[in-house]
Amino acid sequence: MKLYEYQGKELFKRAGIPVPQGILAKDEDGARAAVAQMGLPVVAKAQVLAGKRGKAGLIRFCHSQDEAVECVTQWIGRRHGGETITSVLLEKPLDIQKEMYLSVTIDPAAGMPVLVACGEGGMEIEEIASQKPEAIVRQPVNIFRGLRPYQIRDTVSEMGLSGEQARSVSQVMASLYGLFRSLDAELVEINPLVLERDGKLVAGDAKVRIDDNSLFRQKEFKRGPEQFEDELEYEAAENGLSYVKLDGNIGVLCTGAGLTMTTLDLIHMNGGRAANFMEFGGATYTRSATALRIALKNPQVKVLLIVTFGLVARADVIAEGLVKAIQELKPELPIVAAVRGTNEERARELIRSIGIPTYDDTEEAVRRAVELAKE
Amino acid sequence: MGIFVFKDTRVLVQGITGSEGTFWTEWMLKAGTRIEAGVTPGKAGERVHGVPVYGSVKKAVKEKGCEASVLFVPPAFCKDAVFEALDAGIRKLVLLADGVPIQDMLEMKAFASEVGAMIVGPNTSGVATLGEAMLGFVPFWLGHVYRPGSVGIMTRSGSLTNEIASHIVKAGLGQTTVVGLGGDPVPGTRFVDVMRLFQADPKTEAVVLVGEPGGTMEEEAAELIAKGEFTKPMVAFLAGRTAPPEKKMGHAGAIISGGKGTIQGKTEALESVGVKVAMKPSEVGSMVKALLG
Amino acid sequence: MKLYEYQGKELFKRAGIPVPQGILAKDEDGARAAVAQMGLPVVAKAQVLAGKRGKAGLIRFCHSQDEAVECVTQWIGRRHGGETITSVLLEKPLDIQKEMYLSVTIDPAAGMPVLVACGEGGMEIEEIASQKPEAIVRQPVNIFRGLRPYQIRDTVSEMGLSGEQARSVSQVMASLYGLFRSLDAELVEINPLVLERDGKLVAGDAKVRIDDNSLFRQKEFKRGPEQFEDELEYEAAENGLSYVKLDGNIGVLCTGAGLTMTTLDLIHMNGGRAANFMEFGGATYTRSATALRIALKNPQVKVLLIVTFGLVARADVIAEGLVKAIQELKPELPIVAAVRGTNEERARELIRSIGIPTYDDTEEAVRRAVELAKE
Amino acid sequence: MGIFVFKDTRVLVQGITGSEGTFWTEWMLKAGTRIEAGVTPGKAGERVHGVPVYGSVKKAVKEKGCEASVLFVPPAFCKDAVFEALDAGIRKLVLLADGVPIQDMLEMKAFASEVGAMIVGPNTSGVATLGEAMLGFVPFWLGHVYRPGSVGIMTRSGSLTNEIASHIVKAGLGQTTVVGLGGDPVPGTRFVDVMRLFQADPKTEAVVLVGEPGGTMEEEAAELIAKGEFTKPMVAFLAGRTAPPEKKMGHAGAIISGGKGTIQGKTEALESVGVKVAMKPSEVGSMVKALLG
């Protein structure tokens, strides 16, 4: 799960990484109080999990209290990238001498944590990465030995830093790696890491992403609906299902991410448009029933396409769950199914028994669903 | 033959007394797997489908000489179980759990690479060498999907693999070994690792790669072919051509992946080294057949 | 450096390892206050670094306040194994059901930390080790991966524990290993680890030894004179010298532990008796001068024997330092020297210039020193 | 020949710009050592006795292909310096510092054994292959103490080694390589490691072991001989016959050492496998000479 900038900065502060003075405002009163406390000018930054906030005009330099209040009152409630803005961070502006980039993330190919740094940093780090790749320093880390002083020294020196700057960036690196490990993070990123004119180093932004699989032990963090682009996605996730809303009209229920994506590809190749991505494990009755219920909540859905090829779950068990759910929910739309795997004969019988056509072949089922969606 | 697990491989089942472990032990035995022992702490002395249960991997290895382990262990305990197995000398592991913390996986990979072990998974359906042995839950009993043959399969998907495998059988062929790498971002074993094994297996005449968007495993596979280290005919099927672009891990993700990861890029990389890329699952069987002449 | 039992127990407590209720008393008032607070009976335990305290009668079960006061007042000031007792720990007695043994130390041959445990424990652990070695469980630990849950599980099971006992011993093991690492310890030992009749687990004793080489970063601990059997040993250690007082009359000054021990062996073989072990690096003037001064402080010394075979230090540099010190201290006893190494000719000249005979051969010098000591 | 370091071994000096590093670099060069580079963070570009200084080991290895490193680094920084060297691919290290925290040493040993590297030291005078190279501060320039010959020396002592070596020269012999294992309780390299190298070196005809009380290294040496893995003539000198018994690490120390560690026990162990044990340093030379016939 992603954390908001203000949450990330709170964690940075705890870890000894300097952050700008800032106050989170949730309404007009909060904005006025913040400005009263910090003085002017302030920078208003909408708290959103999606990127491109700057380009969307959600970061603004405010010279007056009214301007700050305006940002807070106008932004809160607005939608950005599928989420609703609920808070604005008001911060003292930084006196920027230089911007750098620093992150710790995972290199999936190496299977190792990696420290990524750049002495130039700022908004266009991806551009630097593609146009001036030698400016980006990557330091892979052995997870048992941790990020060692010599690695920090090498990185800082490759960033072109020396003296006091090198020392303070080194400290931030060590703290950032410590955070990465202790938070079970997939990413901790400071972009930009700002060197102020008076020589102080400050984290200008904070991007922290916690590994969802570690939430059972990272008890500080709770995944809420704001982590999802859509209420249905959240509801699905809460039920252990993976759901993404798309803009078509064929509701899709599949087992396995690969088969789901393939089904979506086949719909597309046949000229249809899927209404969702939905992967359900299918191990239990409840799951397939819940998956069905969520898929049907999307009013765009004209046809329902069920494609499974049982692995852990037996086809007949999945079929029983689906049949039960269909009998209960009584959806008033055509359903097409290709349910294969262990005991697929009985599965087929069960599904046919409630009047739903079944196919042996995924591609045939998809073609039929696309036809029905066009009717 | 085939790769990774054979009929004479002495196998350990970690977490054998759990409901999943018990259920699948029966199926693995039916597949011919030589399961010598199971481990569940505190349950030493029990038996599961005739397999003796030990309290620790060390004891199971000492008494039964187990070489490979398949783990039916909840995600939170996988790291400990894998460490225990590696420490006891096990060098082939199949990690089935879905939901393993990614940093735990980094530690497991680091330990495995120190000692030269191979971890398949996590979040996988496992490995099956048809007619010899199965570790996990590959439905080898579906005769129209899996049967012994000459095609190796390596895959990032579960259900989709059954779909693809069924088309291989439909084409009159069969499989040597099916290896599920699992759906997690940091799999213990990558396409290239499996390709090196398939390359060395005389029975595997062609390999099918089942890929997905994200990561760089397909690109690495292409590089291995470009370097001449893998020379057998290969057909690839890549799911997710129309999937919305992956949610990235900030800028760092983009920097690390170097812009790799799209299906388009993967297709180009694979085709540039002579891999045939199928557009539909149903094409895979006939494409392999054509390559094998 | 070794820690006192009460210090070790303080550290245990901090790490979550249960210890008996106890109060440290340094005088009569302290003893009375402790008993008043804890009630009766109490166990009085003299705080000493050396072992065999039980056999020396320095642990006593007290049924009355007067008995406790008696222990404190009579013990404090008494000598035990070269140290003066300065405090007594008064503890609530334990209701012992079973005694076990637990420690984390270093296996020098393997170069690894090792957890050592025994389900039987108590005072006679070394006896168990030699007579029933299978009762001792050794669990080597990879220092990067740490002591893992499966290793704890195996150890506890080999100790013959199960259920609640296994669970609580496991917790103590994990904490003890954590202490070992965080303290830079050479040893953390609980002997006995007591299981009380009500099922509670308590550390009956605490032996902690911190690596002297780590004291620069283990700032909590300071080496004091109580760590040494003799004031001179302490003074020597404070000056970076290794000094052990012995009971002979030949004062010895050597470079290197091996050459020093060999010199002592040769003295013994020739029928003499050394007054001390003294190793001085000899890299600087001051060191050889300090070494000389300390050696002469022992009134038993009748002859001074200097044996060096320069390595880092040049022989002439060592000689210069010695000559200067001898001229300054003007010792009124015979001195014999064998000073070899780089520039040994000049070294020999220097030493002879103040009337001290020098030898090329260690064994010859030793023979001469023994002769002189017998005169 | 000899072992560990040779005239063509490309050597790195870590901490070369410090006073000790600078001083001994000159002597090491005089011994014939092929010092290719030095490292001191922040001092890249300087030169010490003509040796170029780099800011990191990685760069020095990349540009100069250094294979061995000798470290003039203060105890508190040894772990980092050794990790850096190991990470950069250096597989032979001589750690001179006296006062290295013992748990740091455990970590260094663990890393070294992972990658198959050899750390000599800490708290050692180093290694010298007479006539070829010297890493540390073995006084090779004392002609009546050290000269090229056929006797390998491995030792736990410093000054005493000079004493012993001088008697070898007095007997008309010389040395191949002198290896100081150092005086710390957990040395990076043990007698048995050095014996395996001496066994393989055709020029080393006999080996002198210089031991001390405590630890089990001498007993391990005897075991290696008993197993037939070391077959050359050996003379041992053990210092500390009259030393007061070692201060033990609580009961645990006694349990771990299993009662080993006394000079009496070491003498018995060595003599039982045919090692000649000298009672005085002056006997060593003639005993070796007698063994070489």
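Order as written gives the chain letters A, B, C and D; numbering starts at 1 within each chain.
We adopt the following convention: a residue touches a chain if its C-beta (ideal position, glycine included) is under 8 Å from a C-beta of that chain, and two chains touch if they have at least 3 such contacts.
Please read all numbers here as calculations on a predicted model, not as lab measurements.
**Student:** When A-D is set beside A-B, which has more C-beta pairs in contact?
**Tutor:** A-B
**Student:** Per the centroid of Cα atoms for each chain, what is the distance between subunit A and subunit D, given in Å?
**Tutor:** So the centroids are 55 Å from each other.
**Student:** Centroid of subunit B to centroid of subunit D, CA atoms only: how many Å?
**Tutor:** The separation of the two C-alpha centroids amounts to 47 Å.
**Student:** What is the distance in Å between the mean C-alpha positions of subunit C and subunit D?
**Tutor:** About 27 Å separates the centre of subunit C from that of subunit D.
**Student:** For subunit A, give me the residues that contact two or more of the other chains.
**Tutor:** In subunit A, the residues touching two or more other chains are 144-145.
**Student:** Identify all positions of subunit D at which a residue touches two or more other chains, and write them in rising order.
**Tutor:** Residues 107, 111 of subunit D touch two or more partner chains.
**Student:** What's the contact topology between the chains, one of line, ring, star, complete, other?
**Tutor:** other
**Student:** Name the touching chain pairs, please: which are they?
**Tutor:** The list of touching pairs comes to A-B, A-C, A-D, B-C, C-D.
**Student:** Which part of subunit D faces subunit A closely enough to touch in the complex?
**Tutor:** Interface residues on subunit D, with respect to subunit A: 41-42, 55-58, 80-81, 83-84, 87, 107, 111.
**Student:** Quick one: which bits of subunit D touch subunit C in the complex? Just the residue numbers, please.
**Tutor:** Going through subunit D, the ones touching subunit C are 75-76, 99-103, 105-107, 109-111, 113, 125, 137-139, 141-142, 155-163, 166, 183, 185-186, 188, 190, 210, 212-213, 215-217, 220, 237, 239-244, 249-256, 258-259, 279-282.
**Student:** So in the complex, which bits of subunit A are touching subunit C?
**Tutor:** 144-145
**Student:** Using the touch definition up top, name the residues of subunit A that touch subunit D in the complex.
**Tutor:** 145, 148-151, 153-154, 157, 162
**Student:** Please name which positions on subunit C make contact with subunit D in the complex.
**Tutor:** Residues in contact with subunit D: 101, 103-109, 111-114, 116, 125-126, 129-130, 136, 138, 142-144, 181, 184, 186-187, 189, 191, 207, 209, 211, 213-214, 216-217, 244, 246, 254-259, 261-262, 264-266, 268-269, 277, 308-312, 340-342, 361-363.
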